[in-house]
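The first chain written gets the first letter, and so on, giving A, B, C, D, E and F; residue counts start at 1 in each chain.
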Amino acid sequence: MSSDSSDSQAMVMKYLGWHGPATFFRRPFVELKDASKIDIGLVGVPFASGNPVARTTFLAPRAIRDISMGMVRVHRQFRINPFEICRMADLGDTPVPHLFDHVKTIADIAAYFRALHAKGIVPFSFGGDHTIPAPILRGIAGPGSGRKGPVGMIHVDAHTDTAGDVLGADDHCASFMFQLVKDGIVDPKRVVQIGLNGHLGAAEQEDWAKSVGMRLITKDEFDEIGLEAAVKEVRRVVGKGETYLTFDIDSLEGIYVPATGVPELGGFTPKEAVGIVRGCRGLNLIGGDMVCFHPLLGDTRMTAFYTASIAYEILTLLAERIKSRS
Amino acid sequence: MSSDSSDSQAMVMKYLGWHGPATFFRRPFVELKDASKIDIGLVGVPFASGNPVARTTFLAPRAIRDISMGMVRVHRQFRINPFEICRMADLGDTPVPHLFDHVKTIADIAAYFRALHAKGIVPFSFGGDHTIPAPILRGIAGPGSGRKGPVGMIHVDAHTDTAGDVLGADDHCASFMFQLVKDGIVDPKRVVQIGLNGHLGAAEQEDWAKSVGMRLITKDEFDEIGLEAAVKEVRRVVGKGETYLTFDIDSLEGIYVPATGVPELGGFTPKEAVGIVRGCRGLNLIGGDMVCFHPLLGDTRMTAFYTASIAYEILTLLAERIKSRS
Amino acid sequence: MSSDSSDSQAMVMKYLGWHGPATFFRRPFVELKDASKIDIGLVGVPFASGNPVARTTFLAPRAIRDISMGMVRVHRQFRINPFEICRMADLGDTPVPHLFDHVKTIADIAAYFRALHAKGIVPFSFGGDHTIPAPILRGIAGPGSGRKGPVGMIHVDAHTDTAGDVLGADDHCASFMFQLVKDGIVDPKRVVQIGLNGHLGAAEQEDWAKSVGMRLITKDEFDEIGLEAAVKEVRRVVGKGETYLTFDIDSLEGIYVPATGVPELGGFTPKEAVGIVRGCRGLNLIGGDMVCFHPLLGDTRMTAFYTASIAYEILTLLAERIKSRS
Amino acid sequence: MSSDSSDSQAMVMKYLGWHGPATFFRRPFVELKDASKIDIGLVGVPFASGNPVARTTFLAPRAIRDISMGMVRVHRQFRINPFEICRMADLGDTPVPHLFDHVKTIADIAAYFRALHAKGIVPFSFGGDHTIPAPILRGIAGPGSGRKGPVGMIHVDAHTDTAGDVLGADDHCASFMFQLVKDGIVDPKRVVQIGLNGHLGAAEQEDWAKSVGMRLITKDEFDEIGLEAAVKEVRRVVGKGETYLTFDIDSLEGIYVPATGVPELGGFTPKEAVGIVRGCRGLNLIGGDMVCFHPLLGDTRMTAFYTASIAYEILTLLAERIKSRS
Amino acid sequence: MSSDSSDSQAMVMKYLGWHGPATFFRRPFVELKDASKIDIGLVGVPFASGNPVARTTFLAPRAIRDISMGMVRVHRQFRINPFEICRMADLGDTPVPHLFDHVKTIADIAAYFRALHAKGIVPFSFGGDHTIPAPILRGIAGPGSGRKGPVGMIHVDAHTDTAGDVLGADDHCASFMFQLVKDGIVDPKRVVQIGLNGHLGAAEQEDWAKSVGMRLITKDEFDEIGLEAAVKEVRRVVGKGETYLTFDIDSLEGIYVPATGVPELGGFTPKEAVGIVRGCRGLNLIGGDMVCFHPLLGDTRMTAFYTASIAYEILTLLAERIKSRS
Amino acid sequence: MSSDSSDSQAMVMKYLGWHGPATFFRRPFVELKDASKIDIGLVGVPFASGNPVARTTFLAPRAIRDISMGMVRVHRQFRINPFEICRMADLGDTPVPHLFDHVKTIADIAAYFRALHAKGIVPFSFGGDHTIPAPILRGIAGPGSGRKGPVGMIHVDAHTDTAGDVLGADDHCASFMFQLVKDGIVDPKRVVQIGLNGHLGAAEQEDWAKSVGMRLITKDEFDEIGLEAAVKEVRRVVGKGETYLTFDIDSLEGIYVPATGVPELGGFTPKEAVGIVRGCRGLNLIGGDMVCFHPLLGDTRMTAFYTASIAYEILTLLAERIKSRS
């Protein structure tokens, strides 16, 4: 059982999470233009302008890269090492050459994901607030993407994010779902929002969401019906069609994610959150993201820890999905 | 749905919790001497001498003001905006012109609340440790207050606070309940203490509390009988009479309120704490407070977040109560 | 020498910097629309989009309000209490109803200062990065302001801020001086930049600044010629005409202002910085600001302390100037 | 009820957790060489080299001493003051005169505990990572200790710690259990590991553990069968024989112990952890430890709080055990 | 040069500042009642009520103990090991059995130091704010102390501390010098205050100080005349008589002591501060203190570092003084 | 002056220090085995075992990578962009496959640098404590390196680091200079130590250093003779021969580098430190390092800022040197 051969040395070194330059889950860093033979692209989206509450998400990708270095592992329950069953790369952060121009930057992000999709890469994004699924999905599921129709959405969040224009912008952290339905990119009847728990400045936003056919599972309902029933309902709503999974960390009880902009009291425990993700096993997932991590607002290391831990679960599902198709 | 009219602009700006000078829940700042037509007075009590463990509560009112700016909202479950159904003001912090004289300062605080009560204002206090309900109740329910008799008390806390004189003072953070019973201001048979969980240096304190007729629901009993039964018992004990609600944040599991002086292992989850407060809906509440937030001892933002979130729930009950009488 | 009369009580309470809701230097909070008989308006500018490095300046106004509460005092060297010799108010933060639209927000800020100037108020601004002097001066010295011509500028900074368009915007933290010269609002021959110490990605920016006639005193030159000579040169350049003073805290040695976005090694000591400001006594100042305080990036309390301490010095000059005219 | 006599003064002062030099739970500081008539020795083990992830455990003993000063109390449920029913002393930290020599240091620690055992002292150790139970048990239960045979072990942990040699050492934080079985000091059939929850780089480690007869209760199994059944199983496995209890704080849900090296998602709540310890009441315990507290990696005060709180529970069991024998 | 003998081991271990329970500079902990054959008593004074700005000094003694453990050393310039040339002990913290009674607590502290003086011990105190030299000197130099007359004072501070009664107390952090002169314990003509730099709410306080004959060296004057001349003046004023040295850490430039209550801009560099202390070599010192360290308000470790480093210098002078008499 | 072309976009993006995975100064990451055509190798040495005071240096390389991303710039005084005049790469961190074996790890590091030297790469190392120059120089200047004889050394430090074996090891943070002289790798007559300022537990160490011919410039001497004379002396001692530059950050005044293990009072200002490095321009440098940055012990960002800023200066010298040879 000696670890002194060169191979086993490498094996041991990889548990030293602090060793070497950090990339997402130790995957090789490749810029999108050079990427080939990549199944899943891990992308940092350092776009923070969309959230008027707190604007430090631009620091999130690096914080997640850092903690993820110690998380390259076999999944305890699924007995899969997601990093071995498909090819992943850290594609760096999306360029933001017009960072001061909100509208152009959102278009830049969409263009980036359009190019990524054109290379056959499935995206998993880190960092950014809830503005970003709009340009991501415009890129990978909008006109010209080759999809046959609108996609479904599993939206884990304390807030419904169906506001209209606010503070001078259509696209922002509280409107992405409204925009994607309006754009015809997401099919509201195949949308499930789970974890709704925030205040009701947004009462009319929830009414609108229901009126267009979305299924809303509030945190109160979740507590009543339990994890198993909730997961069943998620699966029923999105069915077998193409589905995107977006996870807002503020759906967790505030203390687990102090470095988020709008923490809420009464959210998911980490184990419940993981239970929801695992419940999506086998669904037809086309991508995912973890959003609303705002470093510096609170304990950055612990928030990164939970963010990366849940990301690992989503990555496992994506990897399984890709492997099952090949 | 444009937000560009002046009114809707104002509506949107109010979600920017960091915008402008901070007052409690964005209520106007009015000094007590100038206050009129106020239903509920939000008062900071920056009195920290009472706690020998940690003396930074004088920083608490401002920390709570800060976080509360982003919490002006409709109550999700009750569908009420407490700030619209009655008139509230931020009355600033109680003056403490004899801050170095423990006994005089407690008398100053009592005098302040006597004047506030004389103006027909219902108090809700933030900051301070558990010394402060004694002078508050002397002010609003003591001799000369016009009350018909002693009042009831819902006391959420990990500790029973029925010690005698300590460290040279009768009034301190661990004695307020003893003092109020001794003073005849609180009727021990209408006192319920819930969440008792701390160590038993205080064993004889609990014995005394029971001996005078208080109902003690320890955290262990709560875990056994559950929230619903506990709430029922709270309501039975205090009945329909006038009742004051005092909430010590150390009744929560320690991790949620790191910036408290005597954290305990095994306390309420935030959701349980909120459940207890909501369970008091409709009771005849005459005031309330949130105490024992000691900024700097731990994560100030998260402790303020939970403190203000629970305060919001109590304020909703007070607002409903006032509205129901008008 | 008893302090027990009501007046002396108030006098003592004002040293308790943590007491009551915080406004800038304890001045009354008045919204601009309600302001009258105000000489100096203290304005928070919570505009952070302009700085791609760090975007937390929106938290700066409140942090400065907090620390400034303990700084209402007589100037040790000048024997003046600036708060007594003219009327100041805290005007809150500039509204940012189009916060996600960079160009509109800059126009909104300009409009705000135009209205403030129309009321005869001299502005002193806190918070924000170095984007903001451009809209401020457009508001108080641009077309329609009634000024006879372009104004002078004392610009204390580690960087020259004369870049062109960057990241999709003309106005940003590194371009304000370029814009103001281009707009004809500032007379480059009456501009002195002092403290230049940053890297030379900006070499051509400094060349441009010199080419249009500005006087650049680098930190290296300052160390050579000393404070006295430097101050003399500042006074020579701006002369007797109307002059605005903008102070970027990154001109200080990094350790004093850890919560800034682009700290530099080798900057001013706080005493040198104060020496420069005091050296401007008697100049014809029409306003001023302290910029580039980014809370959370480092020790917020100490950075606020130095920022507010230097602001106090500038306010003293503005107050003297106003008094001398009346 | 006056507290002014000298005795009651002393009683009150002891609640001031911050008063005086800190020792573990206010016990007198005695160096081992001078120790006599001590039942339980409280020992700091500042040995951190064993953990490649984080090496700040050398700061742990002092952090625990600090917080423990406010925890000298009667056990709420057991109505016992562990510090009164037997004689405890703070023996300081184990000397580490060869700190840079991993192998020698481990031998030094073993020698220290051998000497301690020879004096009839039962050890409870704080600080250090999971390397340390190996030398501790070599000292108190190895050859020459006078024990009749291998001992049992209750091992609360998220990880199984049965790795072989790693990074050039046999003894390290992930191998102690493997070493102790190999050394014949622990009887694998009387080992129960509870709380296993970490990743499965260690899959083969768990297989090995089962193959030699250990009982593994994963956190998933615990959640399924519940506390009561789990405790029953623990008692069944270790039976009436001599048993050591080692507690790795990373068995708790990460947020409760941010200052640990390998936090895991989904661990015990503090109340569950305490429940497991209390469930061991009456067992034949010969010592215990709390390991893997790495100050500075996260909130040191809260991690120390939970570590010392659980330590208090184990100490109560040890004290009862000793008293029952006398 | 092997370090393996038992003696050299002990020598090396003492550089591990984090090893073992912490006492001031590793001196043995002896309670005053048990103290004998002690030359210098190191006393923690955890009395914080005196400062209305910040009340966390009660945490200061332990923070200083902690950092001082790594500072047991030979003085580089004087080539003396102060801990070897006389007998020092850590006497713990002064008891504060009436902590909530300001007046009684001050009397308790005075009584403590009276008892200490009666044992022939020279005190050096840590922690507390500037309230404490009043009771200390009442104890060691007041009526009954056996001194022939009032003593001299070297008072290093940014503030003159000659206020009258404030906030309901005569003795507080801003009045100690006024009280000691009024009490006739200090001879104002042998008082030198150095470093005055704070605001002039205190203008009349400085006038009073001068009017009774104290010598005030403001920080501005110090900068003008330089260290050498300043030290000469200090020595001239206090002369050969008995003199006490009190050092307020807020005399340092704010950034060096972030954890103080009233930081000032423009104070001493640490090297200047040390220069002043060293300049007092050979004076007839009867005791000293370091005050106004308020842990938690800022970087506790660095403030403790500078506080303990300067304390080391004062201790060296005291030790030399004692040795020279024996 | 539009920035919209692809090239100028890239130029602007590089100022966003937080963008993308972090490498040292944005240089490409290449593992040593794949390195070719590299002039300077930037190497992280995450070896912390050598310092018994604080063992968090393993976190240093990543912290420096992070901050250095915003420092790719033209040198203000020298008008050189060091990253353009020669080829640099981030070689990652040295492998530490025997991390728990002190002696083997030091040998591993030496072997790494031997291989690096064999490829003609000049090393600049970050992270690690002062143990590391010993193995680095054994690698690049020891037997088999092809050097003609022992090299010179510029050693900027508060401590002389000439101790013998300590805590069971010959090589450690306080002995590297002793070892290198003993090994015959460094010529003591061409060694200059500058900044000596620490305590004199090390008095005999300094005596030894002088006895073998080193030139010691204490901080006291530096303050007396000034920067210019000091630099002249440095140049005189090392002359034209091959010289290595090692920089211990604890030579700076403590406040600038709070995250170091043994801060000292009275060290260099950052500007003095930079002045010393710049004074070495044109010397025959063969490599360099920055050591003793211990993240977490204090403000990590500011310590990294100063560490990387000074590293930039050394890199500029190395780059010039290499260019001058080609």
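We take it that a contact is a pair of C-beta atoms (placed from the backbone, for glycine too) under 8 Å apart; a residue touches a chain by one contact, two chains touch by 3 or more.
Fair warning: this is a prediction, and the values are worked out from it, not measured in the lab.
Under the contact definition stated at the top, the chains bordering both subunit D and subunit E are B, F. The chains in contact with subunit B as well as with subunit C are A, E. When chain centres are defined as mean Cα coordinates, A lies farthest from subunit E. Comparing the residue numbers each copy contributes, subunit E and subunit F share less than half of them at their mutual interface. Mean C-alpha positions place subunit C and subunit F at a centre distance of 39 Å.
Centre to centre, using the average C-alpha position, subunit C and subunit D are separated by 56 Å. Residue positions of subunit F touching 2 or more other chains: 3, 12, 16, 18, 52, 58, 96-97, 99, 166-167, 255, 297, 299.
If each chain is drawn as a node and touching chains are joined, the picture fits none of the line, ring, star or complete shapes. Contacts between chains, counted with the stated touch criterion, involve the pairs A-B, A-C, A-D, A-F, B-C, B-D, B-E, C-E, C-F, D-E, D-F, E-F. Within the complex formed with subunit F, the residues of subunit A that make contact are 3-4, 9, 12-13, 16, 18-23, 29, 44, 46, 58-59, 62, 65-66, 90, 92-93, 95-97, 99.
Residues 52-53, 164-167, 197-201, 203, 220, 223, 253-255, 258, 262-263, 265-266, 297-299 of subunit F are the ones touching subunit E in the complex. Note for the complex: subunit F touches subunit D at residues 48-50, 52, 55-56, 58, 96-102, 104-105, 166-169, 172, 296-297.
Taken in their complex, subunit E has these residues touching subunit F: 1-3, 12, 15-18, 70-71, 73-77, 79, 255-256, 269-271, 274, 299, 301-302, 305-306, 309-310.
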